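Since the structure comes first, as structure tokens, the remarks are kept for the end.
Labels A, B, C and D are assigned to the chains in the order they are written; within every chain, residues are numbered from 1.
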Amino acid sequence: MKIGVFVCECGENIGKTVDCFKVAEIASHFPGVAHAEAYKYMCSDPGQNLIKKAIEENGLDAVVVGSCSPHMHEKTFRKVCSAMGINPYMVEIANLREHCSWIHDNRDEATAKAVDLVRLLVEKVKYNEPLFPIKVPVTKRALVIGGGISGIQAALDIANAGHQVTLVEKEPSIGGHMSQLSETFPTLDCSQCILTPRMVEVYQHPNIKLLTYSEVENVEGFIGNFKVTIRKKARSIKEDLCNGCGMCIQKCPNKKTAKSEFDEGLTTRTAIYVPFPQAVPNLPVIDRTVCTYYKTGKCKICVKVCGREAIDFEQEDTMITEEIGAIVVATGYKLYTIDKKPKDSLIQGYGEYGYGQYKDVISGLQFERIASASGPTAGEMQRPSDGKEPKKIVFIQCVGSRDESKGFSYCSKICCMYTAKHAMLYKHKVHDGEAYVFYMDIRAGGKNYDEFVRRAIEEDGVNYIRGRVSRIYEQNGKYIVKGEDTLAGLPVEIDADMVVLATAMVAQPESPKLAQILSIPYDKYGFLAELHPKLHPIETSTGGIFLAGSANSPKDIPECVAMASAAAAKTLVLFGSDMLEREPIVAKVDESTCAGCLYCKKVCPYNAIEVKEIRNRAGELIKTIAYVNTGLCQGCGTCNATCPSKSVQLLGFRDDQIFAQLFAFADN
Amino acid sequence: MEENRFEPKIVAFVCNWCTYTGADLAGTSRLKQLPNARLIRVPCTGRIDPIFLIKAFESGADGVLVSGCHPGDCHYNSGNFHARRRWMFFKELLEFVGIDEKRVHFSWVSASEGKKWVDVVNGVIETVRAEGPFQEYEKINKSNMIPIE
Amino acid sequence: MAQLVELAKELLESGKVSLIIGYTAKGDNATYPFIAYTAAEAEKLVFNHHCVNNLSVYINRLDIPEAGKIGIVVKGCDARALSMLIQESQIKRENVLIIGVNCNGVVKDVEMEWKKENVAPKCAVCEVRTPKLYDELIGTLEDFEKPDPTAMQIIAKIEAMTPKERWAFWQNEFDKCIKCYACRQVCPLCYCDRCIVDENTPQWIETSATARGNFSWNIIRALHQSGRCVGCGECSRVCPMGIPIGVLNMKMNMIGMSEFGFKPGMDINEPTLVGSYKFDDKENFIR
Amino acid sequence: MNEYIITNEQINQLASELLNKNWNVVAESSDGISFKSITQGEDIKLNPSSKPSNLSPKQFFFPKSETLFFYKKTQTDVEIIDTAGVGNKTIIFGVKPCDTALTGILSKVFNWDYKDEFFNKKVENTVLIGLKCGYNDDDCFCTSVGLSPESEKGSDIFLVPLEDGSFLAKAVTEKGSEFVKENSKFFAPATDAKSKPVEMKAAPQKKFDPARIKEWLDHNFENEYWKSLGDLCLGCAQCAYVCPTCHCFDIVDENFDYMSGRRVKNWDCCQYTMFTKHASGHNPRSHQSDRYRQRVFHKFKYYPDRFETILCTGCGRCIRGCGIGMNISEVLQQIDKF
């Protein structure tokens, strides 16, 4: 093998502390090295040409470049060599900048170390083998999990590009939290007015298969080739027969037992119900936990009034299997309920605010419903306890957010804005009312956001008090809010008629379970983790699975929509080709030596190890062994280290390649 | 290098995504370090076979450092969890057969912990320097060079 | 042991098993592994204090073609090895019929006379005199005088040493090793088609029986047994050079117990120690 | 007459003096496991009726691991550095006849074509002090393979214990005579007044006839009997490595670093699966029964065919050490009955 060594001075970055020409001179005497030289800027055009020329003149088979971190220019140099017919995996980068010249002062020491670093990789590259991208076919159908604004946007974008989409929503209707909102900041346009047309578009789109009241049960396979099992929960309604007339709902005698999820528990709903009037699909569902028939075996009034025999009490959950190429996860958030400490929660809770105890201490979403024209009060500003118009109202921000001691350390991001919106909406409806906002900081970064907050303060006269509320208690029909104005340095006490808590956005409680099904990581709060916070905010560590919306972290609507479109774009990039090329750094099993203990299968984070049976010509089973699904393997090598007989090797980082570096380290 | 000071040879096995990148960050931040460590880049701490450490000692290392992503940060989700179990056994075994714990070090260094990397690597080098050359292992390495009865 | 012979004959005659791996007597004291294929051969089966061998080693090493279900006689400690083999996909549970024996202790080596000084040290700390896994259970438990837990004492002695003393102790022991691999071959859990020591591209462990090759072989063997070894003690017993290799395994087992609360082969439904993890596994040794 | 008298004390003094002269002095270790170099003369305690050590003294002629040469790579070439291949002068005390015979048996295979200097030089450099054997158990069968407790084969000097506690020392070889001459102050010429030899346990009975065995082996390679022997053998190398005559070896290269290393000869064993496994994966001796048959054939047919010597001294070590009770003596007795 003829190896070329190219040492880059990186201007002065390396050259100042490392004598690059000396490194090249020494390297030229290493066994196997056919050519070695140094140059000012190896990554520049002249530098690249110099490498190309050397490859051609010396007939090199492998290249070691001593330069900056491989994370910087590994791809660059691989491309250069590839253009000259050297397999890109025959190129190794010795990190002479970040790991040498920048961290040492002494030129002799740094030069000696640089020689070592180059020697280690010269030895490694001798054991490298050409690797070729793994090609896998792509199924051009996307799965979108979650039918909130993020899921809707992603589904529409992908569908409009001409690809099939399956949209799965666990609730009976799509729409998500956005459908509950009254108006949206910073424009104060009506949430439902802008959302419902999109919901209908989804419903009517020829490329979208909508599965509501359904959940993802299992995901197998890998990028471009997922096999997804979806549980379609029993609605107790024959969807093909129901025409959504609503007679069953009108006649259902069971009107008071269930709290309306849509109205955040401020009203009740019937046992057979449609979550809200604009629901998509406009199909009722029977809540079996409250329905009289399921409890006593009697009633069946809905059956009697249904003219289309669409009620089916015997209906069972069905399993649907879909072949999927890419998955967009848009499962959204939940509001943190603060009445008592949730089980297994990281957080302590805010018992002192009396949420759940005092009817007029409500959450932000409950306020949205009260302010909404479609809400329980038809948009009239009435407090839940007695329906009176609150004349004094207190908003408390950061309830659960940014609170290491009692809540979560993260900022829920949207509360500053929606609290300003709430205060504004209140003032628009109750002109003589007083609105107070307790805040820690105002975070109003965003287009027209700060202007919006200023408007609440300056035009609508909302009183902003910087400080925390220590306690809320009831006294003579009023809620005494005790807090501190930290700017004035004085204690504050307000006798409010109603209190609105801007509670933290938290991850869906099922999100860790879903993450496990999808084999994607999540953070300690349960938010799904992106591959890289800056450069890969949409991708997850599992190829072909993308994130959209607040399933990832608290986000407002425009961000959710943008992220959803980005996830759609990522999906479309994937669908842009028929075959997918993947990094060939994957594990490989030596079938002759594998003893089939399958510890590799146990440790594989990607379920990439499958079991294969080896049979002789007569068809008798000789042994069962491990087999790597290269579509799933991500190349971590945990199997390699675990395998007792080293029958599974991680290509590109095989044992002999590591050992070669260690032997090069030796100095006997 | 100071005159006559023992310069230990350290092999550091680091994962590509956290510690290698953390060491990159230390470089980008121009945080000065002692020059004794040689990094061997592997994809994940899960890839690091305990036998690599033995090979390192066989190759004349005076000390070994193994470093990867913090639990929960692993690029491959759980590689470092499996590695952690493996190391627990291996470290106890090495101690039991008489390899001083001061020669074998483990750390979590994330991609953002350039400073921690410097502290870890310098700490390991100084600890091993204080221990002196690994004469015991050197002796058994040399056992191959003389005929044995 | 009439009960064993009756059962074995019934199993072989009815075709429930195609063979039974058991013990047969030889001379006054010794017993050796024995395979009964017929009811007549089953007459030769015995079980007594000299049944030292861990027969589960034969389960996936028999040179016989797959001939239906295998019957096997196991003590409690052997049954743990069998559990591990099932967990490590070496045999399917339904392909083996386990004849568990209530064990009243065995001697250190097959030919030894049954008396307190000769009782195998593993019996001192045994918790599985009745096997945890069996299809048929025979024999009754009787009290016997427990020996000193010598392996524990050796571990305590070694732990009290300084690192340099420990190194010297083990170098002296490993120096004896002739690399005959009797320890490996006799171990039920060393079933690899190609042992890592036989891997030569690249060479993981030097095959030479020199100080360096012996050190890496012995500790890597112990490492590969970590979280798996069931403590049957066969490796120490067969070592012609008298190296206390089982002590290394026992030390690793103690770590499995103290750090992870885990004992291998006690329950086939539990995850194996290697191959599973917990978020809160100990990491106080990691910076 | 080449007969002398030497006492226990004189043996100890002799050993001390040789140690002072930088000789490698070897005797059975007190734990009964192997022969070892000693550091002081008093460590020698000859016991004719002790059980043979677990490991034979074969390793002093054919070490378990022996460097053939060192190599050093340059950029384009490899440099070979020869090893001396030979150590100090060696003397081994108290070797029983079933072990002394090993040099004679092994020198045939190490000299039939290629002359193995490593082995020959070691034999040349070693003085073997044999000792009449007073041990006999079920596993001993020296008399069946043409040896006996008083066989002097291979000994340079052969010791016979006398009733007064001293030994009658017979210089068997020229090397032995030379050695006595050089160390004459420790050897008193034997006179007629010497004490009587100690009465010792009778020699083992003859258990089988090797000539008959060979004849049967000549015609029964494919006999069904072999099949039944493979079920229990686990295929370790204990039997071969403790054996005084097993001599298979493997040659491997070992790296010291990326530039240098050594070529080394290590013990190997026909009982390993890997011993005959081809690179293709095919294994001509795929079953343990094939491998066990090979062991018997090599010792009692192939070796006699080629060298007119049985490759076995009847020491019984392979039987005593076997973890699962494989017993070559019984196998041969069985064959003798066929």
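As a convention for this text, contacts are C-beta pairs under 8 Å (C-beta built on N, C-alpha and C of every residue); 3 or more make two chains touch, one makes a residue touch a chain.
The structure presented is a predicted model; accordingly, all values stated were derived computationally and were not measured.
**Q** Counting C-beta pairs in contact, which comes out ahead: A-C or B-C?
**A** Result of the comparison of B-C and A-C: B-C.
**Q** Report the chain closest to the protein's overall CA mean, measuring from each chain's own CA mean.
**A** Taking the mean of C-alpha atoms per chain, the most central one is B.
**Q** Give, as an integer number of Å, the spacing between the C-alpha centres of subunit B and subunit A.
**A** 34
**Q** Taking the mean of the C-alpha atoms as each chain's centre, how many Å separate subunit A from subunit C?
**A** 48
**Q** Quick check: how many Å separate the C-alpha centres of subunit C and subunit D?
**A** Once rounded, the distance between the two centres reads 32 Å.
**Q** Could you check subunit A for residues that touch two or more other chains and list them?
**A** Residues 592, 603, 642, 655, 659-660, 663, 665-668 of subunit A touch two or more partner chains.
**Q** Could you tell me which residues belong to subunit D and also touch two or more other chains?
**A** 64-65, 254-257, 264
**Q** Going through subunit C residue by residue, note those that touch at least 2 other chains and give them in order.
**A** 194, 196, 204, 206, 208-210, 213, 274-275
**Q** Give the list of subunit C residues in touch with subunit D in this complex.
**A** Against subunit D, the touching part of subunit C is residues 26-27, 30, 32-35, 53, 57-58, 61-64, 110, 176, 178-182, 184-186, 194, 198, 200, 203, 206-210, 213, 234, 237-238, 240-242.
**Q** Provide the residue numbers of subunit C that touch subunit B in the complex, in ascending order.
**A** Per the stated touch rule, the residues are 158-159, 161, 163-171, 196, 204-206, 208-213, 215-216, 219-220, 222-223, 226-227, 248, 251-252, 255-256, 259-260, 273-275, 277-279, 281-283, 285-287.
**Q** List the residues on subunit A that touch subunit C in their complex, please.
**A** On the subunit A side, the touching residues are 592-599, 602-603, 611, 620-621, 624, 642, 644-647, 655-656, 659-660.
**Q** Can you check the complex and tell me which residues of subunit B touch subunit A?
**A** Residue positions touching the partner: 1, 9, 11, 20-21, 23-28, 30-33, 35, 38-44, 46-50, 52, 55-56, 58-61, 72, 74-79, 82-83, 86, 118, 141.
**Q** Spell out the residues on subunit D that touch subunit C in their complex, using ranges where they run on.
**A** Spelled out, the residues of subunit D in touch with subunit C are 31, 33-34, 54-55, 64-65, 138, 230-232, 234-238, 240-242, 250, 252, 254-255, 264, 266-267, 269, 272, 274, 287-289, 321, 323-325.
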